[in-house]
Amino acid sequence: MTIAELVDSSVTVEFAHLDEQSKRVIRRAILTAVAVPGYQVPFASQEMPVARGWGSGGLQVTLAAIGPNDVIKVIDQGDDDGINAANLRRLIVATTDVEETTDAREATIIQSRHRIPEEPLTSAQLLVLQVPVPEVLRGVERDMNEMRRMHAESDYSKMWVSLYEDLVRNGVVTASTGYPVLVNGRYVMATTPIPRWDIPQLDNAEFLTLFGAGREKRIYAIPPHTKVEPLTFDDVAFEVEITPGATCLLCATSDTYLIEVPSHHGWICSDTDFCTRKRQDNV
Amino acid sequence: MEQSNLSSREPVLEVRDLRKDFTIHVIGRHVEALNGVNLTVGAGEHVALIGQSGAGKSTLLRCVWRSYRPTSGHVWLRQRDGAQIDLATADDREVADIRRQQIGYVGQFLRAEPRRSVLEVVARAGIRRGAHEDDATDQAVTALREVAIGEDLWGTSPVVLSGGEQQRINLAAGTLYPPHLLLLDEPVASLDAGNRQRVLERIGHLARDGVAVLSVFHDLEAVRQLATRVVALCDGNVVADGAPNEVLELVAS
Amino acid sequence: MSEWALHVEGLTKWYGSTLACRDVGFTVAAGEAIGIIGESGSGKSTALRCIAGDVRASSGRVLLQKEGGAIDLLELSDAERRGLRVDTLSIVFQDPSEGLDLRVTAGGNIAERLTAAGWRNFSAIRSRARDLLDRVDVPIDRMDDLVETFSGGMRQRVQLAKAVANEPSLLLLDEPTTGLDASVAAGVLDLIRSLLETTRVTAVVVSHDMSVISMLTSRAIVMHQGHVVEAGLTDQLFEDPQHAYTQQLVSAARG
């Protein structure tokens, strides 16, 4: 690009759909989020060519962070071929011309709704999670100002009460996706929308996780090597979802997050990439 | 020895020029109830106040207890540690402390404490004076036996008991861990002869053990039995102060 | 004289040009209960809420004795004051819904206070909540029921249990039995009395009802139109009221 083209405002630089100004705004929010782990940073969420609630927040984070040499993987419910995942991936590739992959090991950016890949991620990888409801306190408090105060003062007793009430009423903590975690000993954060199964992966992780909520205009982050503790009482162990005896109908694995297939009276891996490679002995 | 001689000579209570007026603002009425009363009560002394209704006996007791605020004059109390304090002018908080630890007041009526058992009511009085709960309970048991409150009543609430029983419970509570100064306002008014005698005996023991007692009795028989000195009041003035026989004779004539 | 625990001085609150209370002052010893009597509009509840920090005082000092010296509650930040509310200062409101979350169980309400103070063991929290509810005579089989299903008297008992859960050194009671049926109020009053006697907590009791003040406190102040008109030993205020207003109040209570 020539200097003349740069100063000519009629010539727009089209990389990754967003203009540079918008990307800078998002990147600033991302940097703040990384600096204050678990803290929800407000940002000027844009209109995207996907409906809000369909990954527009995650998409903006990915587009602000992506460079020409990245390799992108997009999954929905662990599945690279989900309609939403496929649409988002097409949009990212079309506006950046980056390489796409389904192999979690090859990707440098993984955008996901509902799952973290079973394959342990590395420090060279970025995980972007699409978040529908970023505010962990929404279930226990209605007043926005009060929520802000609770975060500011680390006053999370209402969260503890909701766990207490859950245990009293149901004997177990029933919260599955969106399980609250304490990040870096400071902020309680919603892990929405991943299952409890994936939460241990976030603790002291090698990789950076960015959470983007488009409709709610919030970005938050878990930097690498950050302590992430699921909220649980000392004497009530945090447990991930396990169905005893269940194995994947396709790859026969029992130590992955399995989803039930009622039509076949069995289970299959939620992570389709992992399952496929497992069958090819490529894990 | 020196010190105990000194302390037995110095009065525990010394009332000087005590005046008490009441001003009822709503009806603009002014009443002079005490007009410069002087009296002393030493350790081990039992001073009984006599006089007609309205003479100021109860007013004087209450001024000492400070449920009435003296208008002028002094109510010197020599405390257990020897320190003097003027109850007429002392800070409320200080008076509250001294009341709890050093003064017993037994009126005609027990302040009802719903849902608390007889034994607890009496033991509480000791706990308020700083006694340990177990010890206070032991003392309460002894006191209740002495005033003939049967063991079958210890677990019940005093509010369901008769006036006479309540009065004896009140006395047991007021005299638990003998106070330094004991104020008695008609403590045997509703007792039958037998119980009246038991209560009077307990009071007599206290004075012999060194408690300073200032009392108002309805019947002069009790005064004769217990008082070491009698002070007669009339219209808010002391009209006689001396040995029981002399004063009672004087008043009778 | 015993050490003071709370010292209030010159406490004044204006709402714009309207005076709510002016120059309220008193000192309370550790373990002592003091009363504030007055009718509605006398400024007594405002004074109490200024002490609690729910209402910002216009001027004055509220010194609370703590380990390491006295602190002025009026100089604390909101966050610091809320911190104190966890384990140092509790307030019991006339309306239990102000002090309780009605959509949470009785045990859960107590758990809120305990977890705020750092309790993280579920069975320890359960057992502490059970003890507290037992102490305020809430049947243990109601522990896991939502407070909104409770009667007014029972709610007030839960509020008390929650208020003393972390053994605060200062307990503020704002008309704690007003609005309850007489027999229920008597039970709650009796409970408060025994809590005050057994916990060595320092207390300030606000009530328009002289019998409440008489039952719970040894000393009291009388407020009228925002001012303290008289202070004294509680029985003295009843038996020998000095100020015309106190005399009216007493004769009304006796009538």
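When the chains are written out, they are named A, B and C in that same order, and each has its own residue count from 1.
One rule holds for everything that comes next: a residue touches a chain if its C-beta (ideal position, glycine included) is under 8 Å from a C-beta of that chain, and two chains touch if they have at least 3 such contacts.
As the structure is a computational prediction, the values presented were derived from the model and not from experiment.
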{"item": "Set of chains whose contacts include both chain C and chain B", "value": "none"}
{"item": "Centre-most chain [mean C-alpha coordinates]", "value": "C"}
{"item": "Farthest-lying chain, centroid of Cα atoms versus that of chain C", "value": "A"}
{"item": "Interchain centroid distance [CA atoms averaged], chain B/chain C, Å", "value": "33"}
{"item": "Chain A and chain B: spacing of chain centres that average the CA atoms, whole Å", "value": "78"}
{"item": "Chain centre separation (chain A, chain C; CA means) in Å", "value": "47"}
{"item": "Overlap residues in chain B, where contacts from two or more other chains coincide", "value": "none"}
{"item": "Junction residues of chain A, two or more chains touched", "value": "none"}
{"item": "Chain B residues within the chain C interface of the complex", "value": "22-26, 62, 66-69, 91-97, 100, 113-116, 124, 127"}
{"item": "Contact set on chain A toward chain C in their complex", "value": "152-153, 155-158, 160-161, 164-165, 167-169, 233-236"}
{"item": "Chain B contact footprint on chain C (complex, rising order)", "value": "1-2, 27, 29, 32, 186-187, 190, 193-194, 197, 218-219, 231-233, 235-236, 238-240, 242-244, 247-248, 251"}
{"item": "Parts of chain C lying in touch with chain A, wherever the complex brings them together", "value": "79, 82-83, 101, 104-105, 107-109, 111-113, 115-116, 120-125, 144"}
